[in-house]
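What follows is a set of structures to go through.
Okay, so chain A shows up in both of these, paired with chain B first and chain C after.
Entry: the complex of A and B
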């Protein structure tokens, strides 16, 4: 027996370096690895083909976009986008309405939500659980059930077809979401930090404003972006509450579907305009997406 | 509760003790909560009371809004309407199919992604994209892709022998809207599951491997029990949104063909804003609300009982 045979073929097992999710002990066979890649590749196709197709179609001309055999190679043209910003149905006011309604509601939700969320995270009041339950169930209420009474109330208050009306409508889901989520983010901050700020002579408000709030910047940004995405993507409220003075982008897209036919080139162009900014915003906060989308229930990657 | 009050004597002492010997009725926390909660009350309790009032009345819109009490008529209609029961049944099928498929696919994709070491972030970033697409755009895009004359997917299906109008016949239309929803929301489940998988301690998995447990056994007895809470959260989050969003159906089939995709929220919209029978719509809305309150309860209980991953 020679000495070389005693040397193990695999390097000795030690603690995996940080960030390595798999240990050498768990190495899988080649078959499993193949299966994993095949499944992922198929899923990538399933996920990305519609998006890529939308993007491609928005650069196609009228005949290519509705060609009986799908055209993968084509002469790209900007006609669809040009048509959206000149022509009779100019998209600019729709974009403006969307930006205003989604932006204002997200800003309001984050401002009020961070105040209330801080209060909720730190309060020891009786009935706190009921309060928390009320907030979360407001967020979960089906849009269809909220729209009906709001429609009556807004008619009484003359808020139909106004931007403030849309902002209020979006706050029905964004405000409870922001309160709940910010409260989860604040609960992560150890109270000892405030204590030391208070001992150093801060008032409660100063401790909140100068110590706690800067520590939850990631939470604030995540909350803001998710609120923005929810409001921007809304269709169900806008279809009821908005009129010529407040129609948003998703409404503009659905209005292109008419009895006489659909201009699919323009429609995919609007789709691209609606989708791309939200994707960029969403990916910007990817690290906190799980926390945000599970309402703070799950943290982690 | 996740937001357990972290009580500290210093925070307590910060209150002016000399000025008010008794604890002030609304402390600093209360003052912070007030503006948000007042607005929230205006946006949730007022509509809720209005919804209850409407469900017992006939709502007139012409010449100013007015409610005429009709007692239980809307509710009697609600419980005897055969179409309505069909809608509930369809909603349940739609709900089970979408949420079920999303859970299965999402967990499968997460397990696969977890095996990928290099480029996982890039892959995940790409896979997440559908989540940010407005549901109404998903619907319109779905219409474009399944159009019988020029749709990409219709063309693919034609080449494998299916040549019907996808959104034109009941079963395929139902399948199409289910798949559109699955397309959009599977990434969410995958994302949440992946977060759960990352929190399974490596030492435990290694112990299983050392003991010679085969892969499926590790999965069954180590990984799944460890992430079951996270999966439950994913399920609840998806369930809550599954009955919130109906935009996809609204812009693709609008409930048709032959009511095949007319789930409850779609019927509610139709009742309220096409036939303007707002009283009846309010009764349907209350029933839907009961379901979502049930989900919210489960969610809060879950957070209360188990700390989850935090």
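Entry: the complex of A and C
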């Protein structure tokens, strides 16, 4: 008997009758619902206004962007973006360094984090909880506490001002996070599934690869996106470990804070360039991201 | 499962991994190569093929040099990579680089207070380079640098040694709306009873009265008479210090020398003196009639507000002149800051370029070529003309060039030169404002602007704020400094 045959057939899903509450919120009174909508609207404004403002400012000229009375209507210009890709501080290498360092470190964090997280979820070793806490506690250490020893190690290994150095630096905070998150996802998967796979003749690796991993797709995507965002936005490690050959986008942004002022137009243009790819990545995988961030609670996975 | 007796055991695999790791580590720790050196009669070409890294704050001269490094490469055959960072990040990076024993950055933008004073032992005494017969000498020698700047930016403790060459020279001056002062001159003079035209002969009290006059009578032109960089930030210490010194206050005994040459042990803080408290009281009074947004502005904020037409005048760094002229061509005037009851002071914020002590001999020589070239009269003139930079020269000879002299008047192709008359006075030894050049200044500075901010927001009276700063600074200084 195959696994599919064992699952009882459900009646097809249809829309609930009109007026039937679909959520606890709908069961509440009109006043409560209005209050919730207002709070949500305020939260939306709180999060979106700065982003929209940044986007608009990136198209303003030098006078408009620092005008005493902020203007919503203005003559748009691409000068700020042009300025970023011409002249001595061309942004292209910074983007390339960011893509490489953040991308590779996120991929490695997910790969290694999955393996370690699976082992952590399934092991019955003594002190498992302590080990799990120790792993995540390394993520809690303030960056200032680890920067100096890491710098000395990296200097000894000639990893300063290299992309592999940055990848390794990002892994120091992404890997514990990935292990912790993935172990939580693996713990949600019933062990009976892999036991069935083992009984059916799979090796432990095959059970992991063909049965367990596909079931934690939401976790993999969530972990990858979060690791990517952490590394993409990192400034503290990049400022210490990067150099002329490996500077990333957040460093480029900081360079616009000059002795004689801040170039707000170009700063908001860089901000837009930093934010947009991450927003698009988040939107592209939002289905798995929402599921993953709630550890499957939304869809019941 | 049976283990293959002929195959490697788990212990063997671990041993192998450890050995491989150690080998990689040791190979990585190998000595770094020096820069190439060729024997040639042309001293400028002897390090052809070398690559230098220069770490700098994003300043006008660095922007100008970064926009066109070709002249240096053509002259020397040396490639120069320029990394610009915000000052705090730069200090952190330089500290790590100096402590590591290797010079990733051979050329260092050495802020006198945050790099030179705390890490002077990590910088090369440039006298050794100037004395080397195999290296080109500084054109005009160090005597061509403006003396007060040479001392403030280049020296530390030893009055003969110099560790950096003055590279930029932002200085706080009085920036005002010349069009409005012209428009209201007679009315103001009549109402106030003195000639309100800004100059170094005006007093801070007169500055206050002028600002108040604008508040009351010129609302159709500007919102406020004055604005200040009074955010809880380094800028607040700068803005306050001008008033403090002009009232006769000082951070330490022998404050002028501690500012000019520097000290590792400046003695007790003197901000609890009557003069310092009087200065703080005036500063609080001045800020009470200033644009209320002043407590949220650093130099960039007050500069933007001034350019936006919100203020009639403000103290700010003179290199903002280029932005002022861009937005309000012909409308701005510049003068030294007002004097107080005791003295006059214009805060100096210049910096030098130095060479890392971790450099190897040829790297060091190549770095010397770069700093000689970067501070040479020709490069400073090119920076002045650069659209990417601007800045202001640090050499007397450059200010005497006919085309630079001509640029002091409108229409000026070098707008920062419109401030030349003001800064020339501001850099006189008795008028330049020099904060204490001590290794622990960064921490003291934080204590100072934090308490000043409390004072301005009503959290402390001026005497309380000054006494609290004194107590905190004394603690910091007593701890000493090891680097």
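Things to note:
Definition applied: the second predicted complex is superposed on the first by the 234 of 301 C-alpha atoms of A that agree within 3 Å, B and C clash if a C-alpha of one lies under 4 Å from a C-alpha of the other, contacts with A are read in each partner's own complex, and residues count from 1 in each chain.
In the analysis below, contacts are C-beta pairs under 8 Å (C-beta built on N, C-alpha and C of every residue); 3 or more make two chains touch, one makes a residue touch a chain.
Source: prediction; values computed, not measured.
Once the two complexes are laid over each other on the shared chain, residue contacts for A:255 go to chain C alone; chain B is not touched.
By the touch criterion defined above, A:127 lies against neither chain B nor chain C after alignment on the C-alpha atoms of chain A.
In the superposed model, A:115 makes contact with chain B only, not with chain C. Here chain B and chain C are compared by how many residues of chain A each touches, and B touches more. Once chain A of one complex is fitted onto chain A of the other, the partner contacts of A:76 are absent, as it touches neither chain B nor chain C. When the shared chain is aligned, chain B comes close enough to touch A:36, but chain C does not. Using the contact criterion defined above for the overlaid structures, shared-chain residue A:161 touches chain C, although it does not reach chain B. By the touch criterion defined above, A:267 lies against chain B but remains apart from chain C after alignment on the C-alpha atoms of chain A. When the shared chain is aligned, chain C comes close enough to touch A:244, but chain B does not. Put simply, chain A uses residues 66-68, 147-148, 151-152, 155-156, 239-240, 254, 257 to touch chain B in one complex and chain C in the other. The touching residues of chain B, when paired with chain A in their complex, are 1-8, 10-11, 14, 27-33, 35-37, 39-40, 43-44, 46-48, 50-51, 54, 59, 61, 65, 105, 108-109, 112-117, 123-137, 140-145, 149-150, 152, 155, 183, 187-188, 191-192, 194-199, 202, 205-206, 209-210, 215, 218, 230, 233-234, 237, 240, 243-247, 250-251, 264-265, 268-269, 272-273, 278, 281-282, 284-286, 288-289, 291-293, 295-297, 299-300, 302-304, 308-310. Interface of chain A with chain B (complex): residues 16, 20-23, 25-26, 28, 32-33, 36, 39-40, 43-44, 46-51, 53-54, 57, 65-70, 112-113, 115-125, 128-129, 131-153, 155-156, 168, 171-172, 175-176, 179, 183-184, 186-188, 190-192, 194-195, 198-199, 203-205, 208, 229, 232-236, 239-240, 249-250, 253-254, 257, 264, 267-268, 271, 274-275, 278-279, 281-283, 286, 289-290, 293-301.
Here chain A touches chain C in the complex through residues 62-63, 66-68, 87-89, 147-148, 151-152, 155-161, 239-240, 243-245, 247, 251, 254-262, going by the rule given at the top. Within the complex formed with chain A, the chain C residues making contact are 24-25, 28-29, 53, 57-60, 63, 66-68, 81-87, 89, 92-93, 96, 100, 102, 104, 168, 170, 299-300, 303-305, 307-310, 317, 319-320, 322-323, 326-327, 349, 388.
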